[in-house]
Structures are given as structure tokens and as C-alpha cells.
Amino acid sequence: MIIVMNPGASREEVNDVVARIRSLSLDAHLSEGEEHTIIGVVGVPLPPTLDEMMEVFPGVERVVRITSKFKLTSWDFHPQKTKIRVGATTIGGDAITVIAGPCSVESEEQTLTTAHAVLQAGATLFRGGAYKPRTSPYEFRGLGQRGLEILALAREETGLGIITEVMTPADVATVRPYTDIFQIGARNAQNYLLLEEVGKAGKPVMLKRGLSMLIEEWLLAAEYVMAQGNSEVILCERGIRTFEVQTRNTLDVSAVPVVQKLSHLPIFVDPSHAAGKRAYIEALALAGVAAGCDGLMIEVHPAPDHALSDGAQSLNFTEFAELMPKVKAVAEAVGRTLPVGDEAMVV
Amino acid sequence: MIIVMNPGASREEVNDVVARIRSLSLDAHLSEGEEHTIIGVVGVPLPPTLDEMMEVFPGVERVVRITSKFKLTSWDFHPQKTKIRVGATTIGGDAITVIAGPCSVESEEQTLTTAHAVLQAGATLFRGGAYKPRTSPYEFRGLGQRGLEILALAREETGLGIITEVMTPADVATVRPYTDIFQIGARNAQNYLLLEEVGKAGKPVMLKRGLSMLIEEWLLAAEYVMAQGNSEVILCERGIRTFEVQTRNTLDVSAVPVVQKLSHLPIFVDPSHAAGKRAYIEALALAGVAAGCDGLMIEVHPAPDHALSDGAQSLNFTEFAELMPKVKAVAEAVGRTLPVGDEAMVV
Amino acid sequence: MIIVMNPGASREEVNDVVARIRSLSLDAHLSEGEEHTIIGVVGVPLPPTLDEMMEVFPGVERVVRITSKFKLTSWDFHPQKTKIRVGATTIGGDAITVIAGPCSVESEEQTLTTAHAVLQAGATLFRGGAYKPRTSPYEFRGLGQRGLEILALAREETGLGIITEVMTPADVATVRPYTDIFQIGARNAQNYLLLEEVGKAGKPVMLKRGLSMLIEEWLLAAEYVMAQGNSEVILCERGIRTFEVQTRNTLDVSAVPVVQKLSHLPIFVDPSHAAGKRAYIEALALAGVAAGCDGLMIEVHPAPDHALSDGAQSLNFTEFAELMPKVKAVAEAVGRTLPVGDEAMVV
Amino acid sequence: MIIVMNPGASREEVNDVVARIRSLSLDAHLSEGEEHTIIGVVGVPLPPTLDEMMEVFPGVERVVRITSKFKLTSWDFHPQKTKIRVGATTIGGDAITVIAGPCSVESEEQTLTTAHAVLQAGATLFRGGAYKPRTSPYEFRGLGQRGLEILALAREETGLGIITEVMTPADVATVRPYTDIFQIGARNAQNYLLLEEVGKAGKPVMLKRGLSMLIEEWLLAAEYVMAQGNSEVILCERGIRTFEVQTRNTLDVSAVPVVQKLSHLPIFVDPSHAAGKRAYIEALALAGVAAGCDGLMIEVHPAPDHALSDGAQSLNFTEFAELMPKVKAVAEAVGRTLPVGDEAMVV
């Protein structure tokens, strides 16, 4: 860490800073420039809030952290790309993983027909919400326990692995037997107690990016899960909030290569939540794959115009089946694969 | 609600939309313009997701909701400004309420000396975190139960009402006896199960605005609390996330008059979290009061440069005591009061 | 246009609104709902500021414009995709157009070697700045007239069409003979007098998106050019400003399908300015192509670490030559072409 | 400047960086930490693009600039607060300066009645646009030369100093005789040739903040004006673009204390453009004054509901006259003055 003093900082102010650093059993190296005195702080580990602590000292102009705050999520800690096995699927390898399914589990019939349709088209994991976070208290909030049971039925019938959202620590134990991957939604991306609870549950976790989360904060949220001993974390970019209103959110497609540079964790793209409009899902899904993502998460519903939630951003079965060969083509163009046989394309 | 059809929408597409609306026991009025057919939807109540549902129909260009989604938070529901009594303090009346205290409860001594100092300077409520949400898992996260007990001691010694943060539904019962107001932090502003749990707890709730929360979403979050029968909700603007980096967040001071136009709930300003730097707290506090806020929430610490969290944005006792008469002067300039006697200024 | 009155709007307020509308020779249709009176405004053309005008009337809650403000840029006006011919290149057809070259023209040698290298790798247009907008007045600002002459030499030697930036109306005539396409930079995207001046110059115009420009505003800026009779406008997404700091800007890849839905104009992607860092250019270039863009604009420099501007976001010759076959592969995966022969890849 | 090398940077990479620095006649000091080698760069002046230049070297992880890029705008260069005299008014002193007038000069009568009304209420400078930047080419764009003549008449009749916008370098000479202060609008805030042209014109310049301009970029834009020898620059915060939609822009009230900490230049607030809605102007004007701004710029129109532009955000004469005593009260509460006599309040 480097502490830059004001041009006018007094000798005493510099000494106070140095004394405080040494009181923390760290080393301080002074370097006096023409304008600024600069203090280098050396020691391992640096307290995570050391920058905040030092900024407040009289005479300090700026504190610059050199080492990143995340550890377990970084390549330094884990020099191989993380691969996660869920049933027959391997996430983080050469193959693109496609997760598909409805926003909410609405009924047995809706769920099972969708599971069969997305399996047929080449998806390898099935999504569906039993507990739904909704902006307004007056909206449909999921079937709860009954929804979980329907998901279990879909797994039994199709063999697809299941991913479903958990919203609060107390539900982790309830959801655990029914899901193969815990999904943490964007609104809970900094719900730290929930992150720790799923970190202890011994199953993979997909962590969606919060609407206004810096990539660094997102990796630190993953760090919460990993600090519990669970290294199977998948990140999912689903659009950030910006000023533009033509799409529900702005897909930050750059997050794909940035995460890959900073971390060994697999990174997915959710074009449905990013776009918010069915017409743009294809373009965003293909963009994500071209940018190098490890997988996609796409909302599919038998009759989007009758969906109880997110109908506007769901594909119907035909649209999804038509998208998959395009995903495959782009995946192969960038040296990845999509395990979709020609027979899978028949709908 | 108004549904605008595409210029090229077919008669059949229009009919499908109308049929769907009528299937929901709502009325549809057609109006055919030169370019667009417009369908007015009438009926009470409109399903909250009706816009999403209808957007997805073929031929629909845009859906415009006319009535707002929030009810209990609006003036229509509650034509008098909400006033909340906490001990001797009334929030939402003519007097500005100042909440002050440290970011975290660190020790008995730190807490009690701060409580006495802010009481002396004119604060009427005391803040302090026992459970702290931190971006990194490696930072100080609060004293927990011991922190709550220290807060109780501060209340006993000074008579100040207490506000402290609760982070998860399971903690609500634990925190309840120790606090007079539940604080919901920015990161939990859309943690709906938590909102409902504090809604049932029968004590006032302060709801901080999420970093990228639209004012409409914030009022809907308040609606979650109120829908449980708890009408004592206080909103607190604490800065939103923008591109500017000179401050930790950007104080959206306009939120003060906007909230007051849309809702009967009291609105506070937290200049400490907005600024993130001690040097700007005074300007933002005074701006909030001039804009008409009902109260301020300010971080105060006996030795900010030794604080375990948020030191950079905390005032020391002298700075806080010097700020209060300025708050009083601006409050009076805009027709409000601050119950600070001259003797209170003596520190 | 629809004018929604407040629930409590008086009969007189409604009448005032209607009278004002009729005074503008427009028609007003009243529709009285249970809560709101709604006034439909009909007439062609609507004054462009009618919404602003009407919002200000007492009793008006909201004004909703139904028809879009842009005309010449919309599909209604021009139902075929716009194709622009520049030398042997056609922009907006099946082939992806790649523009490449240095940020700034620095010298004859730097420019000519780069032009040959990008031609060899498959670029069909050459970029280079003679006039550079720089955030600080103390930075290198381009060679001016001498830079234009070097560009002419590059065109003569390689046959590549030229695109260069013009910064002020008075320079349009000077730049005109040396360029095939006028580039309007992000900072000048709402410099309306400049837009009109290039609109009159009878050559194609590339209009970069402003850092915080809504897509609607961008199309209206294109409308300025087109209103002068020049229909050859190319839009270029180059990243918008958001809170994220890992990239210089956030590439709004969704802008590609959104623009294509709203407008017949070709849409390019500039991964260099969006990323700001060389490591991310490839991923963003491929994402843009997968999303359906009509072309790319990429900064290439013989020795990026000695560039006078934008070195950090420039590829060197090898990197560019290695990128092109990948662009070609993704282009073909989405049904487009890139006219790069195998021989072109030899560098 | 500090250059932080990657943990894995080779000796050769470090040497290359050092060699490049020395080739620019600067000094490099190496400091080898446990994880990172850090290179301090010393020398005056640092090339303004040195950070960009060095970032691109292999092995470099990050470049941190210690000294700010702006000079003439900083306190280092000019340790006294800048005061600007325009007629009888002094900007930047104890007194708050209020600029008022219509968005556009529409007619002689509209302009003169407004000038008399705002003078009466206590404004000391008069604003009015003769050249108007408009988002759409189909909107009213000002009276041009005739508008300037009407402004001259207003000055003659009332004695109020004039501020009006100039949009392009070629108009600077035309506008010069009619104005006392050149206004540079938000959309032209990085139109560098225009900034230089007004810098040469020998009259004060008000520089509005661009919609997505960092405060640092804004000061660098002021630097463009000052580098021409014109030190009379006024900054004006008028709202930035964020995700919130309840106001037209988000007033960044923190910009007031931040600018004052970084620069000696006077800083104004424009509540009209920030709010975009008449109902919120008062709150934002008072917030700006409480935060310490040096002046306000407010749109006033005789009949806002008939204004040709910005009616929704203009006050009428009564509203403006009622606002001024409130501004005075808040100004006095924060130790400033507003030279408005009691007689001035009579309308």
C-alpha cells in the first residue's frame, strides 16, 4: 500500500502516519519527492480496512492499495481454471453450459413440458424459481415448497441438473435437497449472511452480479462463499444499471474477459435479465459466447404471454430451439463446443 | 394502463390483446389514431405485473402504466405526513431529528463517551452497529450480541433512543429488545423477507436507499414493510452509485423533495455515507436540511483515525458539536427547528 | 401523445389543457377513468417540444409521447437497410467492414507502415486522427493539415478509404478532400452545428455515441445530419460511462440490436475505446460481431508503447493480424462474411 | 507517478520500463516489495499522457498518478479564491450571485418584462439564449442575431449584466459585444476549440458541467480556457446523468464542496436544468446555497406554459420573487449574503 502525503504535510504528520503503521506491526518506507512525501507500507497480511484507516490521518492526500483485496478468487490462489461437475455436465471446461427454464415454477405441467423442451434443444441444466424476489409486495412470489417438489420431479423425469434461487439463510437447508446449484440473485449479491450459509452447504453456488456492483465487489462476494470452504462458485453477469432505458439493464459484456483475467471462477451470461425484452436475447447470448463466457442462463416458458413473471424476457420453445444452433456456431468459432447433436435440434 | 400497438399491428393482434385483458375481468377501450391503435385498460385493482404480461403480445409497442404501483406509501392512502414518536423525539414534525453515533460499536467506552458527546451537542437518537455488512469477509464485522448490550447501556445512561442495523430475518427477534428503530442497510434494501420480518416486529424501521435503487423501487420496498401493518417507516437517502469518484457515492439531494411529493413518509439524509470523506459532510448535511429533509444521520467517533470501520467518514466530537449550530441555522432559515439549546453547544 | 391528469385535476384545468392543444391546431380526445382523466392528442406533425409544453400545465401528472421523435433515421422513413459505398467497400451489407489504424497520425512512416499492415490483415478502411480532442490542454493534439496530407498519401499507396475526425464546423471544408468518411467523436456527438455542417458536405459520416447519450438522443443527432439531405450516416458504439472502473468505458453491446430495431442505419462497434485496455479488445470485437454489428473500428499502432495517444488500447500489427481470422470465424457463424483471404493472414 | 509491476514481472520487463522513463529525461526509483516491484517516476513536468504510455508496457500492472493533471485551476497556482467583477456584481465573494431569465429569448416583450421582474426580485445578472442547442433538429433553436439585440436592449433598460450561450468558435466574435459572460453549455463542455476561442475573447466564461463529466475532466476543461490567459472562469453544476428518472438529471450537490477543495474558481448551481421540473427547483436552489455555492442560475419566464423551450423547468415571476427571500435566509444561515432589499420583494 502506498500513502501519498499532501504537498504541505508537516514532518509531524508524516511521523504520525508512520507510527500508526508500525503500531500495526507493519513496515513503512519513506520516499521524499519534490512535491509529495510517499510512504510505502509493507507487511503481510495488510488489514483489509487499512486504506480507510489511513485516509483519515491529517496530511494524507491519497491511499493507494497495490495488492487486491480478494484472495481465494484470484489466480494467485488457484492457478487452474475452476471446473465444476454437476451430474453429467462440466462447467468451466471447453463446452459452453446452457441453463434454461422458466423464471418461476408455476405448475407441474408448465415445468415438466419446459424441462423436456429445453433438454431436447440441448440445455444441460434446468432453472426455475420456487422463491421469487419481486419489487412489489403485490406480485406473484413463487410456489415455495411445492415449487421445489416440482423441480425434483423435473430432475427425475429429465435427468437435468437443477438450479434454483435461495433468498434467506433459513431456507438454505430446505432448498438443499432439491437443488444441484444454489442461485444467489442480484438483489442478494451482498447479503453476506446468505453467502456464508450457502458457502457451508456443500453444493455449487451461482452468484449473480448486483445491479450496481463493481467487479471487485462481486469477487469479494464470491470470497465470502469461498471463505467457508466452498470453492465451487460460478459468477453470472446479468446486466448492470445505467442511464439507458431501451433495455431493462445494460449487459456489461466486458465483465466476461475482466473476470477471466482476475479470477479462476467460471463466468456466465444471462441475456434474459440483461435485455428484459425477448427481441434482444439472441444478440446478447451470442455476444456473451463470443466474448468467452463459460455458459448462458436463459429464460424459457411454454407461453410467455401467460407467464406469471418475466414473460417479456422469456423465449418460447421454438425460439429457444432455434437459438441453440446459433450458440453452437459461435461457440465453435471461438474454439469452444456446445454438446448439441443434430437430433437435438428437432422440435 | 395504456397499451400502444405498433403502427402495423393487425386487427387480430389487437383482438388478442383485448381478449386477454377481458379474461382478467378488466375493461378495454379502443382508440384508433392515425398511426397507432391505443388500448386503455380500466379496472381495479390492476394486477401488478400486467405491464410485463401485455408487453409480450405480438403487435404491442409499449405499455404505459398510469397509476403508480405503490399504495400504502402514497399520499392517497395517508393524506397526513407520517409522524413517528421515539421516546421524547417526534420524527416528521417541524423539528429536524439528528441521529449520531459511531459506525460500529467497538467497546463500552467508545460507545458511552460518544453517546454522551452527541447528546451534549443536540442529537436525539443514537446509532451504532452491532452487526456490520462488510464488502470483504476479512473486515471487522461487529461485536454482535455484546454490541447490542452496550447499546442498551448507552440508552440507559443517556436516555437517547437507539437505532441499529439488522441484517437477516433470524436476527430480528434478537435485536428487537435493544433497539428503538430497526435500520435496514443499503445492501439489504431489497431483501424482501427481511423487510417483512421487521414489518411484523412492531417498531419503527429506517430504510436506507439501495445504491442503484430508483425512488419508485425504494417506495415499493417501504410498501413491503407497511403491508405487514407497520406504518412507521423512515426513508434515508445515503447516496447513489454514479460515475463520479471524488465522493464515495453521489448524494441525490433531489430525492428529498421527490419523496415528499410522492409519499407521506419522513425522509432523512445520511451525509457520511454519501460523502465518504469527512471534509464534505458539513456541506451535504446542510444541503439536505435546506432541501427539506426531516432528519440527518451522521457518523461520530471519539478518534476517527482509530475507528475499526468508516473512520474516513466520521466526525470527531468537536467537529460534530461545531456542525450542530449550523444545522440549526439552516433549519430555521427553511422554517424548521432544531432543539439545541445554547448550553448544548458547550463541549 | 397522451396527457394524464392528476386524480384531483379540476374540470377547469382539463379545459385549459384542451384549449391549449386546440390552439395549436391539434385534436384532443377526452377519456375519463375512475382515477385519471386522460387526454389523447392527435395531429400531424406534433410539435417536438409539445411534451415539455404540456407538462407544465396545472393538473397534468404526466405526458407520454407515443410516436418517436426521430423520423429520417427510422425504418418508417427508409424501409431498406442503408448501404454505403466507400471505394470498393460496401458498409451495411453482408460483409463486416473493419476500419483500422492509429489513434493519431504521428509521422509518415508510422502511418504508412500501419496502413500496409492493416490492409494486409484484411481491413478495408483506414483511420487516423489529424485533429485530436484531448481531455487536457497539455496533451498531443494532432498534426493538423500535415496529418491530413499523410493520410492522403496512405490512401494513394494502399487504396484504403480514409476516415478521420473533424472537430469544428470551420474545419469541414479543409478536411473534406482528404477523407472518405467524416468521423464525429463522442465528445462532439451533440455539437449540432458541426453535425449540420458535415450533413452538407456530401460525404458519409460516422457518428460515435456520446459517453452518456441515450440511444434515442443518438438517433436524433443522426437526424441532424440527415436533415441536411445526407443519408449516409454510420453509428458507432464505443462504450458509455458507468460506475465500473475495470474498463475505460462500458461497451453497451445491446445498442447493436436496439439500433437495428429502431433504425436502418449501419451500426459499428469500437472495442478499443470501450475497453481502454489492449487485453480486452479481442473479446469485445468478437462480441460486437456476434451481436450483429456491421463493422468494427480498431486502433492499431506499430509500437503501442511509443504511441503519442491511446497506446494502452492499441493493438500491434501481429495482434491485429491474429484477431482478423477470429473476427471472420464469428462473422461466418452469424451469417455474415469478412473478405479476408488466407493469404491476407500472412504477416 | 508510481508504476506497479505484476507479481510475475521479469527483470527485463522492469528494465524496459526504467529505460523508457529515462529516455524521457525523467528519474526512476525502484522499490522491491515482497510481491510487487514498484517504480517511482520523478521529474517536472511529467508528460500528461505518461500514464497511458507506461500502462502498455509488458509486466506493468497499474500506473498511479500522484500529481493532479490540472494546474491553473488549482489552489497551488492561485491561492486566493477567484473573484470576477461584472458591472456592479462581484462573483466569488461573500454575496451569492443570482442569474435569472428565460431559457430562450423569444421576443422583445417576453425578454424585457422578465428582465424587469428578475431585477425587481433581486437577480443581478440576466440570462437568455439566442442560440439554443436542442436534442432534436425539429425544435425551436433561438432567434440568433435578433436575440442578441434584444439582450442588449434588456441590459440597457435594466442595467443587468448579460450571460448568453455561444455554441461554436465562429460565433464568439458575433456574441462578444452583446454579452458580459460567455456561457458554454453542458453539451459543449468538451468542445475544446470553443473553449480556447472563448479563452481568447477577454470576457468571463461560465462552464457548465457535461452530463457525464468527472469533476477532474471539468477542471481540465476550465484549464483549456485558462491556458489562453483568461482566468475568469465560473463553473456551474447543472445535474449529471444517472439511472434515476424522477428528475431530468441528478444534481450532484457534492460537486460544490469538492470543487471548492480542488479549485479557486467560483462554483454555481443551476437547479432548473438539474430538476427539469418546476416543483423541485426551490429545494435544489436552497440545497446548493447551503452546500456553499457562489451563485445560482435559474430559469424564469412570464408564462412557462407558453415557453418555446424548457417551460417545465421555469419559474414564473411570482414563484421567483417568492424564492429569493428563502435564498437570502439560507445564504445568511451559512454566513453568506444576498443583496436583496425588502423593497425588492414587492412584485
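So that you can tell them apart, the chains are marked A, B, C and D in the order they are listed, and the count of residues begins at 1 in each.
The definition used in the following text is that a residue touches a chain if its C-beta (ideal position, glycine included) is under 8 Å from a C-beta of that chain, and two chains touch if they have at least 3 such contacts.
Keep in mind the model is a prediction, meaning the values are calculated, not measured.
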item	value
Chain separated most widely from subunit A, comparing mean CA positions	D
Inter-chain centre distance, subunit B versus subunit C - centres from mean C-alpha coordinates, in Å	39
Euclidean distance of C-alpha centroids - subunit C vs subunit D, Å	27
Distance from the mean Cα position of subunit C to that of subunit A, given in whole angstrom	31
Per-residue overlap in subunit A, given as positions that touch at least 2 other chains	212, 241-243, 245
Category of the chain touch graph - line, ring, star, complete, other	complete
Sites on subunit B touched by subunit C in the complex	2, 4, 7, 29, 31, 33-36, 38, 40, 42, 44, 62, 64, 66-67, 76, 241-243, 245
Of subunit C, residues touching subunit D in the complex	20, 45, 48-49, 52-53, 55-57, 69-70, 133-140, 167-170, 187-188, 190-194, 196, 211-212, 217, 220, 223-224, 227, 241, 277-278, 304-312, 314
Parts of subunit A lying in touch with subunit C, wherever the complex brings them together	212, 214-216, 240, 242-247, 250-258, 261, 274-275, 279-280, 282-284, 286-292, 326, 329-330, 332-334
